[in-house]
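This is the structure I have questions about; it appears just below.
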Amino acid sequence: MKPVNAVITKVVEETPTVRTFFFDTSFNPEPGQFVMAWIRGVDEIPMALSYNNAITVQKVGTATSALFKLGEGDSIGIRGPFGNGFQLKGDHILLIAGGVGAAPLSPLAEKASSEGLKVTTLLGAKTKEELVFRERFEAAGSVMVATDDGSEGIHGYVTQLIPEQENYDRIYCCGPEIMMKKVLDKVDPGKAQFSLHRYIKCGIGICGACCVDGLRVCKDGPVFGGEVLKNSEFGVYRRNECGERVRV
Amino acid sequence: MKPVNAVITKVVEETPTVRTFFFDTSFNPEPGQFVMAWIRGVDEIPMALSYNNAITVQKVGTATSALFKLGEGDSIGIRGPFGNGFQLKGDHILLIAGGVGAAPLSPLAEKASSEGLKVTTLLGAKTKEELVFRERFEAAGSVMVATDDGSEGIHGYVTQLIPEQENYDRIYCCGPEIMMKKVLDKVDPGKAQFSLHRYIKCGIGICGACCVDGLRVCKDGPVFGGEVLKNSEFGVYRRNECGERVRV
Amino acid sequence: MLSLTLTGLKLKNPLLLAAGVMGTTGGSLKRIADNGAAAVITKSLGIEPKTGHANPSMIEVDCGYLNAMGLPNPSYKNFQQEIDIAQDSGVPVIASIFGGCALDFSQIAGTLDADAFELNVSCPHAHGYGADIGTDPNLVEDITVAVKTATDAPVWVKLTPNVTDIKSIGLAAQRGGADAVVAINTVRGMAIDIESGYPLLGNRFGGLSGRAIKPAAIKCVYDLYDALDIPVIGVGGISDWKDAVEFIMAGALAVEIGSAVGNNINIFNDISKGMETFLAKKEWTFNEIYGMAHKI
Amino acid sequence: MLSLTLTGLKLKNPLLLAAGVMGTTGGSLKRIADNGAAAVITKSLGIEPKTGHANPSMIEVDCGYLNAMGLPNPSYKNFQQEIDIAQDSGVPVIASIFGGCALDFSQIAGTLDADAFELNVSCPHAHGYGADIGTDPNLVEDITVAVKTATDAPVWVKLTPNVTDIKSIGLAAQRGGADAVVAINTVRGMAIDIESGYPLLGNRFGGLSGRAIKPAAIKCVYDLYDALDIPVIGVGGISDWKDAVEFIMAGALAVEIGSAVGNNINIFNDISKGMETFLAKKEWTFNEIYGMAHKI
């Protein structure tokens, strides 16, 4: 599919570095699916859908900065939704979100709660101001917070909040790879799903740029079960734009 | 569409010069629609469907002769069905068939009779032996015959059989162009449909080789109402393979 | 809102009937004009009547059509009456012509009365000049010069995409005095019937048209717009108004439509309506979108 | 029933993974091999790591895909470990390589340990030899000679269709000692976003792959089979077993599959099963259909 012209209808400042861009177009994704957002003349980058018709973006570099310059009435090109989504199962689920990793998990939380599941979220960020979608997770269930600077919740990493004994049917996780690796090491991999981040070029499963071993993040993922990630490249190295191995 | 491989399952000798080739493939045409029959290595030629799964061919030249060499188990390529079909209307219809022009009219006769219409057929040929599908027309209604040599029915042209006063709701005609022109001149053009013959190249309405004035025999036809044919090239001239005008 | 002047011809919109489609009879050309085309181009006409290649001469493939008609035509000698009938429609009638040498071309253009000439310089059956005139810049220039000398009507040169560098051929046409170039003719191609091993066309291979060739055509138009000073007329795979807009943004001042006429005889009206609605919605003029992809 | 020997390599079927698709990591190459490919070809490898063009670098269009990846690759220096992982699958691993001059090519081929080399002589960013090595028969011949000198492994030369005469390039490769030619690389093309006027690729234009280019590829394979004594490997638009059979009838001894892997990672198994069933039904051998379109 060619990109559709998505006109921005609203911009919401979620944190000092994170904004949600709402569009005039709904993409009806499974929670966890992503789109390729084309900021014309600049770059095309992968973004999870945080609502049916919105992406939630952390300003980190060229394309995200260019996007932050756009407002209501401006438009970008959007291809997607691509990839798989999270598979919702069980009665009580645990969400573990680091930073803007909250973007794909928030619609999952809402879907789960609307289906009557019990939802517990562990939400981490650098500081209190950078906590993303806290209200959405709270509306869907209970929330525990960790911040790097201790400005809210526990002082430290969100992984420290993972209860040793509590009984969750499923665990869903998205955040920096190092954090996700720690989660993978700590939980029952058969119960957990992780939304991965790799350099995406084609977005449609052809070029292979996004592979974790033989698995395509853009097409077979971005969501993978913990078992296939165990003993894989995940958490060890990723590939840069050239395809060179880079330690995580 | 590319040609399908149609395997000949049965060959029926209808007259000394006309054979019906049945295929393992049904094309479910409207009566009057045609296919492009590709005798591989030889030529591709237009043929009306005389049954759902058959064409009825008069041996007149290179391709038809090559086809006559094929038998059960042999195959040809078939594209289609193409074009429009006859539009069945009214309670009592008149069919006027000259020679192998009976091919597209015979399934029309059967359809009409199965829908309870009264069917009268005027069937013409050079000689008695060359009358095509007489039994099919008889099974569908009444039949009057004309032969050039008087070996059966009246001695003369089928057009002489057209009753001056009788009340037919619709008239359907297929045969040599000169004969059809005579019919057009004699009947109420608003009531009559004619299946035309022009040199067909593409068969799909693009090249324009088959045009009668601006009308494409392969796509807008082969069946046309008498009114659009009045005061047209029809019956006056046709185009040869080069597109030159040739008097009919 | 869509009207323009193209090499001196006044057109009500930028949509023309492509050569070889519904172009053998005056009646068919007139029908297309009556259905909204701003101008119509005849089947390519040569010196002598030609029957063309054996059938199958056109086949639908996955994303387009393969044809090897083999330039069937009644010759220019028999064609003035058809042009006259087509001109009754009130739109310009462009004669597409081909030949084996510059003399053939100039003889035809010097005799026929048409509103413009489109030189089909990719005749696969040329005599004297070898198989493919349109791949040799010198021949293209010579022929263009010859035709410009023979007629006062505007001269368009239609280019083949089956070359290493289409810009060099377009520049040759421009040097020869062409008033416009037309890009592209069909892309060489072939298909095989796997049930029998036979090539699907009577001529074994042919030219690909339709949706499949649009990206190649857009690239040619884009490059020619950059390289030339004369207008580029785009053709190849247009089947809706979006395609037409894409060509114009790539740098086509007008477009021709061929294969898509088969399934929609009213395509010219449909596309012009679609373009008008689009421009109105975007508050853009035709001039603003013309060559737009080069400006950003 | 489908097994064959191709330039000395034993293949269980004639189906190979095309260069640039799932070819950057040993893991992805191995996955494709495990899913039925008889051999896999790596992403094209150059002298230095390359990031490639800005995104969008690949876009689906009407009947295929446009890509302008820009040859992103980690360089041959970092790639032996990936080849080794891929070879664990048990199938031959062919290294696709590119460079700006014969020396680049021979340096890479002389260093890497692979079962064969495929020379990508249509790098759009070659230094020294200008934009398009693969359009110049002399350069193609020189590079082929250089690589043949540097390695004992079979050498395949992959040809671009964007030339006036692909046969002349194929003959040059053959003169240079190539063991096979591969046809075709992508067809140059472009698409424009009509909502904004922007070209849809970061690089503005790119190469067309997928269904749209099959007729062009079949024609190239057909012509090369006639012109050359070495085998032709076909590639371009294959998405089911019928397409593969069509290429083999056109004269391809084996075929490569690229874009269609995206939607069907199991395509190699699917196609080999489909071909086996077809041959059994027709009571034909692989050898009977190989080049069949030339024999009737």
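Annotations
For reference, chains read A, B, C and D in written order, and residue numbers begin at 1 within each chain.
Criterion: contacts are C-beta pairs under 8 Å (C-beta built on N, C-alpha and C of every residue); 3 or more make two chains touch, one makes a residue touch a chain.
Just so it is clear, the model here is predicted, and its values are computed rather than measured.
Steps from chain B to chain D, minimised over paths through touching chains, total 2. A centroid comparison over C-alpha atoms places A as the chain most distant from chain B.
As a whole-number value, the distance joining the C-alpha centres of chain B and chain C reads 36 Å. The geometric centre of chain A is 50 Å away from that of chain C, both derived from CA atoms. Put simply, the C-alpha centre of chain C and that of chain D have 33 angstrom between them. Residue positions of chain C touching 2 or more other chains, listed in rising order: 61, 191, 196, 198, 296. Counting partner chains per residue, chain A has residues 41 touching two or more of them.
Taken together, the touching pairs link the chains end to end in a line with two free ends. Here, these are the chain pairs in contact: A-D, B-C, C-D. In the complex of the two chains, the chain B residues touching chain C come out as 1-3, 5, 36, 38, 40-41, 43-45, 75, 77, 79, 201-209, 211-216, 219, 233, 239-245.
Within the complex formed with chain A, the residues of chain D that make contact are 20-25, 27-32, 34, 43, 49-52, 54-61, 65, 67, 69, 72-75, 78, 191, 193, 195-196, 198, 200, 202, 258-259, 261-263, 265. For chain D in complex with chain C, the touching residues are 61-64, 66, 132, 135, 162-164, 187-192, 194, 196-199, 204-205, 208, 211-216, 218-219, 222, 237, 242, 245-246, 249-250, 278, 289, 292-293, 295-296.
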